[in-house]
Amino acid sequence: MTAFLSVIVVLPIAAVVWESRRDGAASFWDVVTSPGAVDALKLSLGAAAVVALMNAVLGTITAWVLVRDRFRGQHLVNSIIDLPFALPTIVAGLTLIALYGPRSPVGIDVFGTRVAIGLALLFVTLPFVVRTVQPVLLELDREMEEAARSLGAGELTVFRRIVLPNILPGILSGVALAFARAVGEIGAVVLIAGNLQVASVFIFTHIESGDRAGASAVAVVLLTISFAVLLVIGGVRRLATRHERV
Amino acid sequence: MSIEIQGIGKRFGDFVALEDVTLEVEAGSLTALLGPSGSGKSTLLRIVAGLEQPDAGTVRLDGEDVTVTPPQARGVGFVFQHYAAFKHMTVRKNVAFGLEVRRRPKSEVAARVDELLELVQLRGLADRYPAQLSGGQRQRMALARALAVEPSVLLLDEPFGALDARVRKELRRWLRRLHDEQHVTTVIVTHDQEEAMDVADRIALMHEGRIQQIGDPRELYDAPVNDFVRSFFGPVVETADGLVRPHDLSLSHEPGPTSFEAMVTRVVHLGFEVRVDLLDADGRAFSAQLTRDEEAELELESGQIVFVSPRNGVDASVGTPGLGVGDEVVE
Amino acid sequence: MSVSSVALSSGARRLTLRGIALFYLLAILIGPVIVVCWRTFDQGAGHVWDTLTDSNTIHAFEMTLLVTAIAVPVNTVFGIIVGLAIVRRNFPLKGLLNAFIDLPLALSPVVVGLSLFLLYGRGGWFGDWFEAHGIQILFALPAMVLATIFVSLPFVAREVIPTLREIGDEQEQAARTLGASAWQTFRRITLPSIRWAVIYGVVLTTARCLGEYGAVAIVSGRLEGQTETATLRVEDRYTNFDLAGAYSIAVVLASMAILVLIAMTLLKPKEEAER
């Protein structure tokens, strides 16, 4: 099993790190700070951050509606949330071009803009916050909210002081996952982004043009972000259980 | 503050939780809503608190109709069976919550919290989290939290139900003492008849969504209005005349006008009292309770046939048909 | 005490939240998918048929299914073994192992593709060795399989681990005291007890394999009729201005996705009940 894991995961990652340092630290820095790379990274990080925050709000609202509300077709809606997990990303990108591209039936054409990138990333990250918040909401002791109401707290206060602190770990881990996914996404953005280059497209084109060092340098940045996100999620998990540790 | 409940009805789907419930709670009194599970007592309490909406009827607090007023605005304190502690806040913050919501100045809040923590004897645990407290401590915190905002009505929903027997008895006594000092109108829901009798000024016994009888503990024990009430408050024996308490049976070696035959199976001396286990003609087992002197006079032995009848002056109510409460009800 | 004014009554609040959530889902998820399905059959079914029966397209689907058929069982076995190791045993660096299993979820597929490229390409760590022995890794099936295994690694493990944790090992201990061998215990006690977790994990793995694009795009070379998968073919058709063709393939893939989604919906409660 260790051998398997090494072959599949460890060695390849090591190779990327190695390659990025092959020509030395200075060269690594040069590549990473070259305008193309900087723009690509800025675009990826910026878009991922915006999308992660939007997910925090919209994902929480969606989870709330799925847990606390009751309406016809609710089960169907709940299942649809998982669509981005099931649908190939390239197909996702294509569907967004169909609705928000040059021949949009609703007259919205954002092809080749940052908005398009944002939409693509929203698509692929949609389930993350919803699915991390839902179980926490389900487990929440409703009597805490009732107690707060009986003590005079209005609905907004109940949400702010009782519900939110308890679902915050769920939101944070969902946001972390969404961010990691968004920053490295390729399939959904590659078509709709047009000429705009996100980090993953940058790496792609530089591999094709034979610039391994350049591709690796930016890849290492993405790799570091991935590891950082995993650390954050681990930290959030510890945060979530701190009140329960006696 | 007095509570007036008029004609309350509540259904959950097909299930009728409450049917035409009317009850008056005097200001400053401690009333128990007593009954088995499913009798509707918790639902009624939650309706008074505003945590549920009734389908019919009204709730008045000090004469004011609050039936549609949200719980935030009713000024009632509520204590839950499973504490409903704000698990992400310390004990201090829990107790302070109601005052903070009312935007009281920090110094005032701190002083009042300290006062209450002193009252419930949790002073040293103020900075702990609920998870670090025992059940009894959590419930005391919940009480302090509810009292912090000086509610005009205090409602407790099986507050000691999740605690073990010893803690339950302690907290029960403590609650009564607290009430005697503070005189807040209190309503407590419980399924434990002993608890109700120990703690409450008046008891409302409920069954299947209706109130069976309201009165002080003695009334319900001595003058039950129907078989359900009678059997709820202590062991009963079914006789031809109806339900009778074991200590209201008299035994004799001579037949009498209202007596029936039974065979003694066992004579158990319990200090001052003697319990006599018997089998009636249909083979059903029951017990009578005699004083030591009475038994000594009769010299009962296992295997003897004796004649059993209600003592003179005892009124056995005719049971509601189909109620099916006969036989020994174990305490 | 007066009621503090709430901006919306509870009924209005509920409807507003519901509206926001549903609009969000419609705008981002449902709308686009509907438009594609509609547009595909806009020109009539004829073109769809042509695209789908094109030999390169058929080959692309075959490649997708072949890669999936290899990657899924491999990751299933791995997932079960790793799950058992993590939950039932203690060994150094367990945390690190856990992190590496989760890594593919947080990692860009492009980085995955690059890493394999570096390892097995010319001048790469292993590339020269394989080339000397006449084994082609890159731009051929092996690299595509390796890439797909990497990206779909975690799913079975991540379903199996919490389930194993919840059910505990008492049943297995009982079996051992009754004389069952390790293999018998595994086959007759452990495996059935995690059945639904494994199946659910397999469904997620399959979906990931079917939908893989970035890593495979890099390591396969996208050679039409040879190393193209269905997802790569969609991009190929699009960049060659055959929009309808791209839509057709996309619709087939989307239909597979719907089946996956249905499977997920049906299996989730079973998997949760197992815990």
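Just so it is clear, A, B and C label the chains in written order, and each chain counts residues from 1 on its own.
Methods note: a residue touches a chain if its C-beta (ideal position, glycine included) is under 8 Å from a C-beta of that chain, and two chains touch if they have at least 3 such contacts.
Remember, predicted model here, so these are calculated numbers, not experimental data.
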Please name the chain that ends up farthest from subunit A once chain centres are defined by their CA atoms averaged. B
Chain pair with the most C-beta contacts: A-C
Between subunit B and subunit C, what is the gap in Å from one C-alpha centre to the other? 58
List the centre-to-centre spacing of subunit A and subunit C in whole Å, with centres computed as mean CA coordinates. 16
Give the residues of subunit B that touch two or more other chains, as numbers and ranges in rising order. 70, 72-73, 102
Give me the residue numbers in subunit C that touch at least two other chains, ranges are fine. 1, 3-4
Residue numbers in subunit A touching 2 or more other chains? 152, 154
Over in the complex, which subunit B residues touch subunit A? Could you list them? 49-51, 70-74, 76-78, 80, 82, 84-88, 97-98, 101-102, 129, 131-132, 142, 145-146, 148-149
In the complex, subunit C touches subunit A at residues 1, 3-4, 6, 10, 13-14, 17-18, 20-22, 24-25, 28-33, 35-36, 39, 78, 81-82, 85, 97, 99-119, 124-125, 146, 149-150, 153, 204, 207, 210-214, 217-218, 230-231, 234-235, 238, 246-247, 250, 253-254, 257-258, 260-262, 264-265
In the complex, subunit A touches subunit B at residues 141, 143-144, 146-154, 157, 161-162, 165-166, 243-246
Spell out the residues on subunit A that touch subunit C in their complex, using ranges where they run on. 1, 4-5, 8-13, 15-16, 18-19, 58, 61-62, 64-66, 68-69, 71, 77, 79-92, 94-96, 98-100, 105, 119, 122-123, 126, 152, 154-156, 177, 180-181, 183-187, 190-191, 199-200, 203-204, 207, 212, 215-216, 219, 222-223, 226-227, 229-230, 233
